[in-house]
Amino acid sequence: MKKKIVASLILASAIFVGVAFAGDAAAPAPKIDTGDTAWVLVSAALVLLMTPGLALFYGGMVRRKNVLGTMKQSFVAIPIVSIQWVLIGYSLAFGPDVGHFIGNLSWFGLNTVGLSPNADYAPTIPHQAFMIFQMMFAVITPAVVSGAFAERMKFTAFVAFLLLWTTLVYDPIAHWVWGTGGWIRALGGLDFAGGFVVEINSGVSALAAAIVIGRRRGWPHEPMMPHNLTLMLLGAGLLWFGWFGFNAGSAAASGTVATAAFVSTHIATAAAAMAWMIVEWWHRGKPTLLGAASGAVAGLVAITPAAGFVGPLPSLLLGGVAGLVCYAAVVLKNRLGYDDSLDAFGVHGIGGTWGAVATGIFASVAVNAGGANGLLYGNPNLALIQLGCVAATWAYSFFMTFTIMKVLDAVIGVRVDGDEEEQGLDLTQHGENAYTA
Amino acid sequence: MKKKIVASLILASAIFVGVAFAGDAAAPAPKIDTGDTAWVLVSAALVLLMTPGLALFYGGMVRRKNVLGTMKQSFVAIPIVSIQWVLIGYSLAFGPDVGHFIGNLSWFGLNTVGLSPNADYAPTIPHQAFMIFQMMFAVITPAVVSGAFAERMKFTAFVAFLLLWTTLVYDPIAHWVWGTGGWIRALGGLDFAGGFVVEINSGVSALAAAIVIGRRRGWPHEPMMPHNLTLMLLGAGLLWFGWFGFNAGSAAASGTVATAAFVSTHIATAAAAMAWMIVEWWHRGKPTLLGAASGAVAGLVAITPAAGFVGPLPSLLLGGVAGLVCYAAVVLKNRLGYDDSLDAFGVHGIGGTWGAVATGIFASVAVNAGGANGLLYGNPNLALIQLGCVAATWAYSFFMTFTIMKVLDAVIGVRVDGDEEEQGLDLTQHGENAYTA
Amino acid sequence: MKKKIVASLILASAIFVGVAFAGDAAAPAPKIDTGDTAWVLVSAALVLLMTPGLALFYGGMVRRKNVLGTMKQSFVAIPIVSIQWVLIGYSLAFGPDVGHFIGNLSWFGLNTVGLSPNADYAPTIPHQAFMIFQMMFAVITPAVVSGAFAERMKFTAFVAFLLLWTTLVYDPIAHWVWGTGGWIRALGGLDFAGGFVVEINSGVSALAAAIVIGRRRGWPHEPMMPHNLTLMLLGAGLLWFGWFGFNAGSAAASGTVATAAFVSTHIATAAAAMAWMIVEWWHRGKPTLLGAASGAVAGLVAITPAAGFVGPLPSLLLGGVAGLVCYAAVVLKNRLGYDDSLDAFGVHGIGGTWGAVATGIFASVAVNAGGANGLLYGNPNLALIQLGCVAATWAYSFFMTFTIMKVLDAVIGVRVDGDEEEQGLDLTQHGENAYTA
Amino acid sequence: MKRVEAIIKPFKLSDVKEKLIALGIHGMTVTEVKGFGRQKGHTELYRGTEYKIDFVPKIKLEVVVAQEMAERVIEAVISAAHTGQIGDGKIFVTPVEEVIRIRTKERGMEAI
Amino acid sequence: MKRVEAIIKPFKLSDVKEKLIALGIHGMTVTEVKGFGRQKGHTELYRGTEYKIDFVPKIKLEVVVAQEMAERVIEAVISAAHTGQIGDGKIFVTPVEEVIRIRTKERGMEAI
Amino acid sequence: MKRVEAIIKPFKLSDVKEKLIALGIHGMTVTEVKGFGRQKGHTELYRGTEYKIDFVPKIKLEVVVAQEMAERVIEAVISAAHTGQIGDGKIFVTPVEEVIRIRTKERGMEAI
């Protein structure tokens, strides 16, 4: 075993050294804007923070015995997906187009991805700044999916899932939507900051994964209450904060579009938190903190595709509806009988779908000349395009994730055994206890 | 009930759609600076983070049974005040002046608040960037007040308080100080980042609110120790971090004034933390972590009005005094007999007052040509103006908040009943438990 | 006692007022770039956040009875070191050179450190922005050291240590490496963001301090498990986030170098987290969350000196090796028998050393024209210089810290007594309990 | 000797403690427990679903006393912990055969 | 009267509770405890070092019942808490001399 | 059979456990409790005000053993938990009428 590892390390080093330096050669281009670069770097840092934020948000909602296992499913996405992105992911998603479906591998190991701007993606910042900003999106997306199978997935299976899913599901969809030559981009589908790529994709994949892995033991008759709602709130706060980078950073520059995205993000989130709180108050008699926080996340999700394309008041409406539909989705789950532990589908799948549709309604070239007008501004076409793209993303995400989970289950098994589930993931998968007495 | 909600939603939608788009029409202006915009957007995000930070800071200090209720009083200010701000608050505070007292409603729903700069407020960034930055201030201010009545306020009453207080207290004072035409601004009163608007205002309101709502059961003979000081520290850390946006972002641009504000903020905070720690060590024999953190907050509060107007060494002095006076205020509370649970008055009221006065002493046009010289630089006038404005803010905040609380108490009751207080806000107001065993 | 305090306060005030205003007089210079300034201010805020982040990271790893004491050792570094920095530290580190070893005291109290740029250090931002960014480094470095003697150091002794160590160890080394005239800088040693100044320095000092203070009672036979790994993860997340400011902010400007530093930081961190996780999995059969987080910190440490000088793939390699060597160092500790409670030496000392050496191997002028080529690019000289500087830093840090600790131990005693250690630092040093039942 | 064990409402602990001190009791041991009984639990909400929580937080207080003190301890606990509402709790009295003070090795009544 | 005290695996609590309710038991008290026994503990990792943790989490459930109920309670606990694996736990039966309901001052069987 | 119940200082638990194992004890149950006694509590600070906290953290250790073992268990606990300072704790011995091992339904001495 030791020998094999050493051998692979040597081999790997050799490869690194071989291909290492092409990308570095690019001299700084004169067009780089310091304000734009500052904004995109800050945004990348903010999006990075969202993944620990998600770890806390999710970790607070599970039972004590699974908190580390749940957090680790988010946290480990950072190293694993980042390395995949450097080696092949960025090339697959943003590299030269192959059949409108995927990038080729010519940017392998960030080959040619240097410090001068790439005019296709972000003309005023170093290409690597765009690359690293996008990396953070690839990282958090499968972490969102992990909410679906929290408290019962084998860690080895999760690592395999992470690599397969990122490569086979995330990278292609990112290419469709944002890659030069991608078919959704070519068709004119609008996705400002990842409504398709991140939200619908993760949410629908969560549904497929929850179905394959099956319910937690004891669900739904045994209450599985969140073990620490202060962690949850902290996580929600960090997500809200980081999402400004996610959405407004997607302008890939500082200025009016970034401002519009920032403003719409905040307003929609406020409205969704409000709406969730009100509907829960009316439905159950009490407004919970988890409800307000969940509503906020639903709003953040829903505004994501629309952020840089819509004005303040449409955002208010968009967010309010998001709070309502996600609340309904989450409540309905219990009737439909699948156990999406932390409601990744109910919040991200449904919220993202509504957001993508709403972009087709509320988008306005007055906000962003680079966008398009929606239904409300007399262009029903956009709404139809959005609907079509939603359907395609749903189908692809669901089918691919279902298949990946089924294959993994057959090959290594996706689920811990009953005793391990009883004892918890922390001890059985990671040999750790979150809290000592 | 359902029908009514649906009806209102439809109505609301109609209104939204009607007025939605005027503000979006503004074309990007040529004068926007990417660095300034990046800085103000980052600052807005930082200030947003302060509200969850405050939720954690406050939540850590209450008893276990009230942690969610306490956090929710901060967290819910985000959606509620944000929506109020979009609809009427920004217009009341920054819209066209009415009698030097308040803005009119012509910017209702952000009407005409577009993406080109507003030269009165911030000539190099989109108007909406200024608007959203200011929104975050409106959000956190009533959240600070909530520390006064933590552990015993009815949630319905809190929601009503939030709306009334923001509209009747916060918005006018913001207009006085920062709105074009506001009387304090016209008089030459200096408030760089909210010493009057946020700190004195919240602190004095806290005092009024604590008096109206009365003491917690068992206070002061029963120890009501903080249930989790790690949350408190985390909250304090996030507040310090976010306050850089609060103060340095108030320059509304990147550059020398932002830098001066950043530097003075940090130095004053360090000095206040130090001073509180030393005085507590001397007074009680031990330096606590809560003391160091409380001192830091006192310093942040006190430097707020002065931030962009004073140099590094005056900041050191200003902060040191802030630590001492706030410590004294907090200790005296027990003698005076009102129960301001989390010392919103002792820290924000007293700290803010000292800061506003100190601005009149230490302000220097060498730091900021847009400011004025204070007493120390031979201009006693500024100190007198500051004193006058302090008095006016105290009087208005106290009177208005007292009245609002009294009216609410008469109409719906501000306080939970005895059994509910015993059982805790989390279960009785929100149907949740923060921690499972 | 009271009289003495009052007297010193008056004296201190007088001094403040006397020297207060020289630095403020500097008029804003025309060359200031808003994007660069925004980036450096954001970075300073990010680095500030790292210290509370470290408090949480460390606090989560100790036993319940010592969590506040541990957090306070980090937190209190903020006020104490910040004030030292304003008064003398910045002058000693960056002021006019004395014998290539230290700065003189002519910048006492930030005298002449104004708002126009200092061309030697950062030509496009206010001098004070550079000063405050550097302050945050001085703050966190002794906080890192405190991990070595966690759970048994007397608080009075810690405060004394903080002041002595910052003045006698940190400030000189910072001058050697970054100050104009410093000998390492003159020699051409490369340290982008503090591999020598912060990492080797803190890590080697930690080793010396751990040796002087001795083992915790019961170590190593009694398990001393981390009391709350969710705090640890939160801390690690904040550190990662903040480190982008630490490393990419060290470019002192926005643009290509900042981007290169940002990218290499993230990639090395991902690789190190991965490597630690894999080696632990192979060695112990399970991949822990603490392991992944510790690996991430090891990667952040190791890339620090190299950040703005190396390309993406070398960063991957550099980080991967960092994960492995730090894992080995941490495991070996138990054999060597010194009790560096939180592995400040194993992670920062070893990781920093590897990073400094690796900079000599992988640095490339293609990434940063202001750097140099390393071994891999045909310049063995740089590697030799780096090795020499590593040796000098090790020797100086170890010798000085050992001496300071010995002197303190003789004079006031560095260690709490046995009963206090049993009862915990929180109660005995600070009169507080972190958690109520 | 007897062990008097009372299951009481948490917020009554400090009153009960005061009463027992007034009685001359020098020691007691307290445990956080969860009780199930006639006092109904409560419902908690989790994302729009209601869950019934049966167990309520209680405090178990144990005092070992001489036989002749037992009745007075019982009286004291009742008087301090009584609210008249369901869930006030129970007192259980059980026999104790021996008591030893670890510090001094004293046994029996001296050890209490 | 008897106190039946069962040390059980935590995840069995709700099954045991149901069985006891079915038996007509109206009250019980539950404590989180840590057990040491034939069931081995587990190892935990801390930065590459393994530590042996001997104590495992258990639930202690106490029910005070009339003498004649004790055996049925024992049966019920066994049937609900049994898995057949080491660590299922123990039941201890001890005498109770008096029971008082704080709310009503009822004593003895009425108080249960 | 007897239940030997010791209230000890938390940091003594592992020593006591070792001693009991050396004696051939196979099982014990441990609870975190708070004690009030001659050992004074401590004061805590909260924003410049001092509060007196009466209860100190203790560990309650319960071992059920055969009558003849009881005295040796007591000795062992004393020898391991003794520091000579106030607050070392108490040992209470109470009768146990029946012990059942849930896994095997064994009763009495076999079940221990």
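Chains here go by letter, A, B, C, D, E and F, matching the order in which they are written, and residues are numbered from 1 within each.
Assume a contact is a pair of C-beta atoms (placed from the backbone, for glycine too) under 8 Å apart; a residue touches a chain by one contact, two chains touch by 3 or more.
From a predicted model like this one, the values you see are computed outputs, not experimental measurements.
Engineer: Consider the two chain pairs B-D and C-E; indicate the one with the greater count of contacting C-beta pairs.
Structural biologist: C-E
Engineer: What is the distance in Å between the mean C-alpha positions of chain D and chain E?
Structural biologist: 18
Engineer: List the centre-to-centre spacing of chain A and chain C in whole Å, with centres computed as mean CA coordinates.
Structural biologist: Measuring from centre to centre gives 33 Å for this pair.
Engineer: Would you mind listing the residues of chain C that make contact with two or more other chains?
Structural biologist: 33-36, 38, 42, 225-226, 228, 234, 254, 284, 286, 288, 290, 430-433, 437
Engineer: For chain D, give me the residues that contact two or more of the other chains.
Structural biologist: 31-32, 34, 44-45, 50, 53, 94-95
Engineer: For each chain, which other chains does it touch, given as pairs?
Structural biologist: A-B, A-C, A-D, A-E, B-C, B-D, B-F, C-E, C-F, D-E, D-F, E-F
Engineer: Would you pull the chain F residues touching chain D in the complex into a rising list?
Structural biologist: On the chain F side, the touching residues are 2, 6-8, 31-38, 54-55, 58, 60, 74, 77-78, 81-95.
Engineer: Quick check on the complex: what are the chain F residues that touch chain C?
Structural biologist: By the definition above, chain F touches chain C via 11, 14, 34, 42-45, 50, 53.
Engineer: In the complex formed with chain A, which residues of chain B make contact?
Structural biologist: Listed in rising order, the residues are 1, 5, 9, 12-13, 16-17, 19-21, 23-26, 28, 32-38, 41-42, 44-45, 48-49, 51-53, 55-56, 59, 67-68, 71-72, 75-76, 78-80, 82-83, 86, 109-110, 113, 115-116, 125-126, 128-129, 131-132, 135, 155, 228, 231, 234, 254, 429-437.
Engineer: In their complex, what parts of chain E are in touch with chain D?
Structural biologist: Spelled out, the residues of chain E in touch with chain D are 3, 17, 26-31, 64, 94-103, 105, 111-112.
Engineer: Show me the residue ranges of chain B that touch chain F in the complex, using the header's touch definition.
Structural biologist: Those in contact with chain F are residues 223, 225-226, 280, 283-284, 286, 288, 290-291, 294, 327, 330-331, 334, 343.
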